[in-house]
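Reading through the structure tokens given below for one structure.
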């Protein structure tokens, strides 16, 4: 039996972790920490759990983590780094779903997150938790930085083409559309139904904190200087990320050629499906799949890749559990 | 030229007033009061107005209202009653879009609004601003209490049947579904897209503040003791109210009989359409129409009436402007 | 191992059956029949199944059903009755998700379904598959008529109050809102996104085919003459039914009294949750739960009950599987 | 008084034309042609017009167009070219809202529309009806090809930068998201609410018929070889197009520099707003505005432009009326 704690359990990612974990017979969630809801029953905040999950949110007390096998940290970026160092002395493994340990450079972190990193000493040991890239490092990691939702979709879309030298590493254009749950569970006029419904908006153009994550992970993985332009959009649906990537082909290839490269690259990846039809959000929602589609545009010598995930599953809680499964040498898709 | 002020201009009803008024050549909006946005340009808060409406939100200063022909008060219920008494000495006419002057009884007001009425002395003079009921009183009123959105749909649905003694005045069941803009422009997790989308919820069952408004207006108009059960629901759309009313027929009648009664009753009402097909929100959205449909259920001896409006137009700003038109002896549908 | 066939597997209810069955280790889906999609792979029509369900849709050939333990018939009403008689000689058990075997009277069937019943001889043997009502009959039934989505929500809302003589059996008003998947997977302008989005409409007022189902099942169960008025509405969400019921209390009671009656009545029902807060669609979506909420309106002597389900789960495929579980003496919630 | 006919009046663009024209005192709609709805009243098909527009749909008879000042052709692409040649002998001016006369090359037309052009002789005389580009030609044109919705947003986004030599004319990436009304009013499972809601999909990647329209109009206007990669997406809202364009800067510039170029370029264009904040669909919906936002990404030397319109207004009916206004020497924004 794996003992697991969830820190920040009342947000959307935290609740998704509970949803995916509470039916497993091989995992026991020992702690549901949520400072803002401490003392309330989980089913009070998320009535969907009534009759299924008998637990209460607790305040944060680090003493309670002693001997926990794995702790999922689903705190907002900027909060996790205050807690993780202490946690690492208590919980055997830590999987942080936020952005605090994804960038190797504290300077870049400050530039994009707009505050100092207070636990930069732990950055070198953090393993970027993308199983399709770092399976073996994840297995042995004490601290896993679970990838961001946009980066998960974008990196999986680009990794084969860059690794196999099909495309140039600069001039990459990433356009993403995200469901609103990606903005978290918060009170904000900007996220209210009346403002989001029948509306679309781009935001943080060229300044989103996931931009350096995409560039650095792809750069480190392929030993290239990767340069991308990234524009995220909010669209009126709850779950899902739809990412369309344009890049410049280095040599003429066919759709079939590229699809073969992708299929082979992800041959052992149980959650990546290289599709022959254009994927849709509905194909992956509430699953841990990433569906990919490749298309060569011979007129413009571009490779276009479509990449689709559920932001709360493969883009957050599902991938975190996939990482846990790897750590504990379970099948990657156990419970997913 | 009618000079008009809008107090509480940055909420959804206030913005709808500006949308409907700013193109009129016979009305000049002299003041846009919005304490929370004071100093900002209207087009900053509502970018749709860019290039069309060159005005700024101002803080509340009563001195500025001297000699204004009409002031629309679009403040939350409970705030208007603190301002209206002073306004009445300055602005020639006042139309309050909130609930503070709709009930004749300060005791009932306290029961349903959960605070004391501080301007009860002004209740007797307030005219309930439903033009289909109170056309002549509105024309001469100094203070009009613009009807609530649910009551507008429900009262228009019931007025002919009760007035013509087709139905019993008790045992009336009103079920309403409202778009989310009816809840106002506010930061709240409960109103966030992720909570509202793909969801429905009833609220304030049997306790909504519009309940006594419906009963008292219908009761006064028909000199009957009217008793209704009212359940409002929030459904995932931005605009519109869909109200379905069940009542008990006093004698057998046909659909055609009832439709004739309704058509005749609203013969002079330019904004009520008695339809032969079941109406839909899309038929009335962004208009000042109320679409009605009547259906006799001979099995259960019930009269079923469907009533549909746009909550921000006939349910708020449009009806307020209809009232202004009546006050200034313009065609009721001027600018609507 | 239970062998199961699905007839009409390419509609929304059929696909939901496959979704719920394909991960079970104790059930093997041996046949996916879908005439309109015969020859296509399931993952071609429903790409969400790619990599998870390796099966193809087949044309209907009754010979293939010999010895099947259970056949789920997810055909449109009016088609099932042409097939079920032959099926009953081959498949050990048949669960029909449509309306053909829910009414005991072929005459009432014709009145509300607008065509003759061609298999009326099988009506007496069909068991109405509402487990909270007919657990033991379902266990032994050869033919189960799985309840309609609206009736499931309405009957569960009313059964305790009628059975315990809390309310009058006439004058009952049922108002329901349904997600659009309830209308099935079909090409229709009326169901297109542009017509449904930002819209609400009532339909089949007083004439819906689920009306006699509600009345006859409640009447038979409580040995009363039950008379209801029923208005269904389409609202812009994909899944879920929200039903609000008004009825007349026979004697004064408190909310707590009624809640106790309901809680006790459903004490052994694993999928009915009697809640203390008003339920929402989001609390039950993708689950087999029915959430109930009771509220006494002392002003009008009415009992108001809110009842919420997922139309494709408790209102269709989930309840069918619950019935299968009962037939094969498994825990009711196995795989749900 | 301008006499106007609408051909194809029952589709979404046709209905939007009626909505925008029926309140004008200087335009009289003399014919509403809609073969599929011939004989029905407009208010029967679009109940929103009840009490406001007293007209019926008629079958197509060319004789009826004699002497009409202007005819709007809102037929599907491929149908207009069969009618327009005859119309030009009868109606003084013709504005075609479809794609049949937008491309100068019949060969390219065949490649992207997948059928032969049967009226290629009329291509040279057709004027591309983008007022911001062809104001004077439109004024004098007998036949105007009203721009496509995607091209309107994309061309307005790129015209200033290409004309002023700020960006390279190749390597342009256009990503667009469209509301579903852009797909027209048709019965299709793919466009049904249950398939579109909570979903996103890209389509016709690199093959959309608007691609050559964008390239050829920009190429002709700037005398450059323009090459773009274009991916359209369907997102779950009814109206609006959101286009995000990436291009390569030819020399370093600041955001302010580019914004000045754009503001000056569109100085005389009443419907283009160059904004300092990122625009949203809600800012332009139901208006004829195109909102533009420019952003230099100094890291990648790219210019990012966001362009937002209402697909049924500036992307169809509104722009057609703007063209009519220009033809008849009215203010461009008359009635818009």
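Going in written order, the chains are labelled A, B, C and D, and every chain counts its residues from 1.
Note that in this section contacts are C-beta pairs under 8 Å (C-beta built on N, C-alpha and C of every residue); 3 or more make two chains touch, one makes a residue touch a chain.
None of these values were measured; they are calculated from a predicted model.
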Relative to subunit A, chain with the most remote C-alpha centre: B
More contacts between chains, B-D or A-D: A-D
Approximate Å spacing (C-alpha centroids) for the pair subunit B, subunit D: 37
CA centroid of subunit A to CA centroid of subunit B, Å: 46
Chain centre separation in whole Å, for subunit D relative to subunit A (CA means): 39
Two or more partner chains touched - positions in subunit C: 195, 197-198, 236-238, 279-280, 282, 285
In the complex, subunit A residues that touch subunit B: 12, 180-181, 185-189, 191-198, 236-238
Subunit A-facing residues of subunit C, complex: 47-48, 50-51, 197-198, 273, 275, 277, 279-280, 282-287, 289, 291
For the subunit C and subunit B complex, residues of the former touching the latter: 170-171, 173, 175, 177, 195, 197-203, 205-206, 227-229, 231, 233, 235-240, 242, 244, 246, 248, 278-282, 285, 295, 297, 299-300, 302, 304, 306, 308
